[in-house]
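Consider the two complexes below, in which chain A is the common component and chain B and chain C are the respective partners.
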Partner chain A sequence: MDYVIVLILQILFSVSSLALVCAGLAVIFGMMRVINLAHGEFIMLGGFTTVFATQAGIPIVVSMLVVAPAIVAVIGFVIERLVVRHLYGRMIDTMLATWGLSLLLIGAATMLFGNSVAGISAPFGSFTVGQYRVSVYEMFIVAVTLVLLIGCYLLLRFTRLGLIARGTMQNSEMAASLGISPSKVYSVTFTAGAALSGLAGALLAPLSGVVPTMGKAYVAKAFITVISGGEAILTGLVSASGLLGSVGTLTTFATTPVVGDAALLFAAIILLRFLPNGITGRFFRRSI
Partner chain B sequence: MRLTRSSVELTAVALIGLFALFVFPRNVEFYTIISSTIYISLAILALSLALIWGYGGILCFGQAAFFGLGGYAYAVGAWNFDATIYAALLAVVIPTVFAAALGYFMFYGRLNDVYLGVITLTVTLILFKLVNSTGGDAYAIGKARLGGFNGMPGTPFLENPLNGKVLSPEALYGVAVVCLFTCYFLCKAVLASRFGRIVVAIRENETRAELLGYDARPYKLAFFCIGAGIAGISGMIFANSVFVAPTMFDMASTARILIWVIVGGLATLVGPVIGCIALLMITTSLGRSGWIDPNVALGAILIVFVLLVPRGLLPLLNDGLNRALAWLKQERAP
Partner chain C sequence: MSLKRRTVLKSGAAMIGTLAAPGLITRAQAAGDTIKIANITDVSGGLDIYGQPQVATMQLAVDEINQKGGLLGKQIDLISYDPQSDLQLYTQFATEAATRERVSAVFGGITSASREAIRPLLRRYQTLYFYPTLYEGGACDRNYFCTGTTPAQTIEKLVPHVMDKFNGKKVYVIAADYNYGWISARWVKHYVESHGGEVVADEYFPLDVTEFGPTIKNIQAAKPDLLYTLLVGGNHMSFFRQWAASGLAGSLPMFSTDFGVGNEHIVLSSEESDGMYAAYAYMQELDTPANMAFLERLNSKFGAGAPYINELASAAYYAIYHWAQAVEKAGTADRMPVIETLEANSVVDGPGGKSTIDPATHHCIQDVHIGVVKDNAFDVLKSFDQLAPTDTAEVCDLIANPDDNTHYTITSRDG
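And then the complex of A and B:
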């Protein structure tokens, strides 16, 4: 019984950390139909920001939830202005340019911060379920992800900003002819995506440690999950990370984490064979 | 013989090939021959991506997967077989079969560019993780221990199939050169064939090609497999000149293949090969000098080319040459 509870909590944690890692990517993919290959490096920057802010004396929760997203958002905004902006409509070129950024950021971080692991310890301790210990911090991540998803839903569904975002997503030309500047929307989208990636990096920093190449550990899963979800940002994100996250975790429990990742990928490839536009390309089509 | 552009190109490449095979190795130091072998093995890799991306329009972010699989297939075969020539064959067969299986899902699912790129990239990264986790005695195929992060140093080298003697580094260099130029002429032949023309037509406009009665899926799949086979050859030679390690599947490893192709020029075969060798020289000297991280340089080069020179250097050079010729003609005319 206890084992089942722990297993369910573990699945809940992996699904929400997967959703958290994918959120920034999904926002950019949903709006601009491109995969931001510098996603992993935004995560890495969020991690470094958290570590440095915490070491500078800012309370860890503040540096995670406020400082890291803010700093990475600024970096994302600047990058959008300097690079991505010039490539709108050229999807492949946008992806290649963000890949260049990825290499550039890894190299720059290696030069600035060195190749050693910077870490902070996870706060909050742990609680016990029967004879198993469960980290409170992992449940904190679940809670943050839930709040984030609900917040995004409310923002997209009920505010004017959300209306503009959904309109541009559905038909950017029509939105433009109604007086909405697509480039402004894209700029906000990219910045928001960067902020979400920074948040993900901040929250994962205590669990994984921070190195310049830390993004690599997450991007494979994130890329495949986001395209498996399809174009609807939230529904795609939740359904794909729910499905693939469960497959990955259950396989991990039965075998090893690496085989779990491989199973996740395999499930995604089979899924995309039959649903080439992702889950939301076939189901829940009118969702956000 | 009429002097067409393609006959000039073929002749030039053949001459360079003869130079690389007979003149170059006699006039350089031993060390240069060894590093040239590595460069040439990677140039074959650049050629494979140039073919499938430039002419097939298949955005493969995971060419390193086939490169790595080729290397590992050779290494595993070389440990187990009596004659390494069979291992070399295995290095072509395994990536091709893998590409056929992966390509079936991608092309028959009719996935577009963004999806194709992401799936191939993800496959590469997962292969990296898988191979990386194979440390220890439990992971062995026959006599070959996969070695996890450390790779498989000490793999038997290619032998001369006639007398069973291990090839000298000079002979290996010769094999690499022959492979590169054979692959180049093979690509040219494929592109000149009916099959190649249909693939290019599909790249130009898939819908139109299908309306004319060509099913795009098997053509793309077969073309993708050819690219994977060539990448396998590249991995096989790399395994002989360095050794196989999980870094062959690395994200940086797959990124630099794309950079070679973009810098050299998409939709050319010679450009990416030149781009590969030039960039390898640059990154090697940067890595040795140590004042800037090679990743920074590669990333900056990629961004600059995508933003400012999206067609790459060779087409740019070609245009400049054509313009100069046209200008010269105009000068002479009146």
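And then the complex of A and C:
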């Protein structure tokens, strides 16, 4: 019985952390069709920001939830201005540019921070389920992800900003003819996506540690999940992370991490074979 | 506006240039009347935590020799290649070092995968090869010398020490998922069983795994007495963070023969790393006059940027000195005379004590120390004098079979 509870908690955490890692990409790729190969490096920057902010004496929760997203948002804003905005609609060029950006950011982080930055420990301690100990911090991540997803839903569904964003993504020319500047909307969206990635890196930093190359561990899984999710960014994100995260974690429990990762990829392949437009290409089509 | 943009782009390009330029090939000095050697070591990418200290000590050794007048009246020219943690670049750079630069010897390789990528190649090109890294043992090749430790020198001593200390019988093993992890885990199993214990489970993780939640639950379910870790690289450090985050720090004694060579005990907090037992031929904390003098020379060369020195870095330092000493003694940097000189009792007295090349295996007989991590440093507990690589000696005899060229996985030891 204890084992089942622990298993469920672990799945909840795996699904949440997957959704968290994908959220920034879902916004940037899902809404703007920009293939941002520097997504993993945004996560890395969020992680470094948290570590340095916490070491500078800022309370860890503040550096994770406020400082890191803010700093990475600024970096994202600048990158959108300098690089991405010149390449909208040119998917291959964007891929190449953001890949170069990814290498540049890894190189810069290695030179500036080095690869042996002392990490920060996860706060909040642990609790007991029968004979098992479970981290409170992992449950904190589940809660933050939940709040974040609900917040995004409310923002996109009920605010004018959300309406404008969705309108521009659906048909930017129509939005422009109604007096909305698509370039402004893109800029805001890209910045928001970067902030979300920064937040993901920040929250994962105490559990995964930060090294300049850490982004690589996340970027492939993030793309697969977002593509499996399909058109509707939020529903797609939740359903795809839920499905792939559970498959991966359950298989890992039953076998090994290698088989777990393979099962996740296999599930994604099967899914895309039968639902080429992702989960939300067939189900929940009118959702956000 | 367009002018401004151009300036921005230009200075951006210049910045990228300066970032990229020092990465590829750096030279200690221009070629001329010099003896050329090459180091092929990852100083960027995921393995750079291992490579950077190794390159630092190799540079230190070369500088020291050059300042004393070099070898045979010539200066040593150390050509450094950075394979960027990419196996393909290893073979490319090894070929270049051997054929275009015609170096006297190649030093490098970190993972066993990279070693096995270049070792056969350098043998074919008849270019002497030194591997300055601890590994699972068993590589048998007259063209190849290893200055790191093998399982019989470290695991064999560490396992009984920790099992006795905690009166533990049931051991859980977690390891990296490639030849090093698998073969080393088999050695752990062998030594645990020959000490009356049992390995209750073993799990293997690809180098990009960062989530250890399920494993942590599995370990708690298996209730072992001890945990042996053979994890490798930055991503795998997540295990210790997640272990501590679950409130398990200190609940299970851990031991390892690679924890610390990737700076794990510095990067992790003391809460996450305290109490880890390890065995190496060198620990920076060794309190000997030779080591103090070595660290002083290192600090005066690199100042605040001096890396933490682990066994891999000290083995790299030894490798250069073994080679240099042999060149001096042989009176030439040609391959065969140098190999024969190395086989004739080559002894280097370095920061970790005496290192002697065993002519039958081309591995080193050296001192090994057991330590425990405390407050982000190793506390040296016990030292063993002059241990031989008996594991490799079991299968490899280059005196009887000088033409042997095999990486034995030492299957006879399977329990």
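Structural remarks
What we mean here is this: the second predicted complex is superposed on the first by the 286 of 288 C-alpha atoms of A that agree within 3 Å, B and C clash if a C-alpha of one lies under 4 Å from a C-alpha of the other, contacts with A are read in each partner's own complex, and residues count from 1 in each chain.
We adopt the following convention: contacts are C-beta pairs under 8 Å (C-beta built on N, C-alpha and C of every residue); 3 or more make two chains touch, one makes a residue touch a chain.
Quantities reported herein were computed from a predicted structural model and do not represent experimental measurements.
When both complexes are overlaid on chain A, chain B and chain C end up clashing with each other. Touch criterion met: A:Ile35 reaches chain B, while chain C stays clear of it. Judged by the touch definition given at the top, the superposed model places A:Ile227 against chain B, while chain C stays out of reach.
When the two structures are aligned on the shared chain, A:Ser121 is found in touch with chain C, with no touch to chain B.
Using the contact criterion defined above for the overlaid structures, shared-chain residue A:Leu101 touches chain B, although it does not reach chain C.
In the superposed model, A:Met111 makes contact with both chain B and chain C. Shared-chain residue A:Gly209: touches chain C; no touch with chain B.
By the touch criterion defined above, A:Phe274 lies against chain B but remains apart from chain C after alignment on the C-alpha atoms of chain A.
Residue contacts after overlaying the shared chain place A:Gln10 against chain C, while chain B stays out of touching range. Applying the stated contact rule after C-alpha superposition, one finds that A:Met91 touches chain B and leaves chain C untouched. Stretch 133-141 is the one among 61-69, 97-105, 133-141 or 313-321 where chain B clashes with chain C after the superposition on chain A. When both complexes are aligned on chain A by C-alpha atoms, chain A residues 104, 107-108, 110-111, 216, 256, 258, 261 touch chain B in the first and chain C in the second. Residue ranges on chain A touching chain C, taken from their complex, read 3, 6-7, 10, 13-14, 17, 82, 104, 107-108, 110-111, 115-122, 125-127, 131-135, 137-138, 204, 206-209, 211, 213-214, 216-217, 249, 252-253, 256-258, 260-261. Note for the complex: chain A touches chain B at residues 33-35, 83, 86-87, 90-93, 95-97, 99-108, 110-111, 216, 219-220, 223-224, 227, 256, 258-259, 261-262, 265, 268-270, 272-274, 276. On the chain C side of its complex with chain A, the touching residues are 8, 12, 16, 19-20, 23, 44-46, 48-49, 52, 177, 203-206, 208-211, 213-215, 217-218, 220-221, 234-235, 237-238, 241-242, 244-248, 251, 263, 266-269, 271-272, 308. Those residues of chain B lying in contact with chain A across their complex are 59, 102, 105-106, 108-111, 113-115, 117-119, 121-123, 125-126, 129-130, 132-133, 251-252, 255, 258, 262, 292-303, 306-307, 310.
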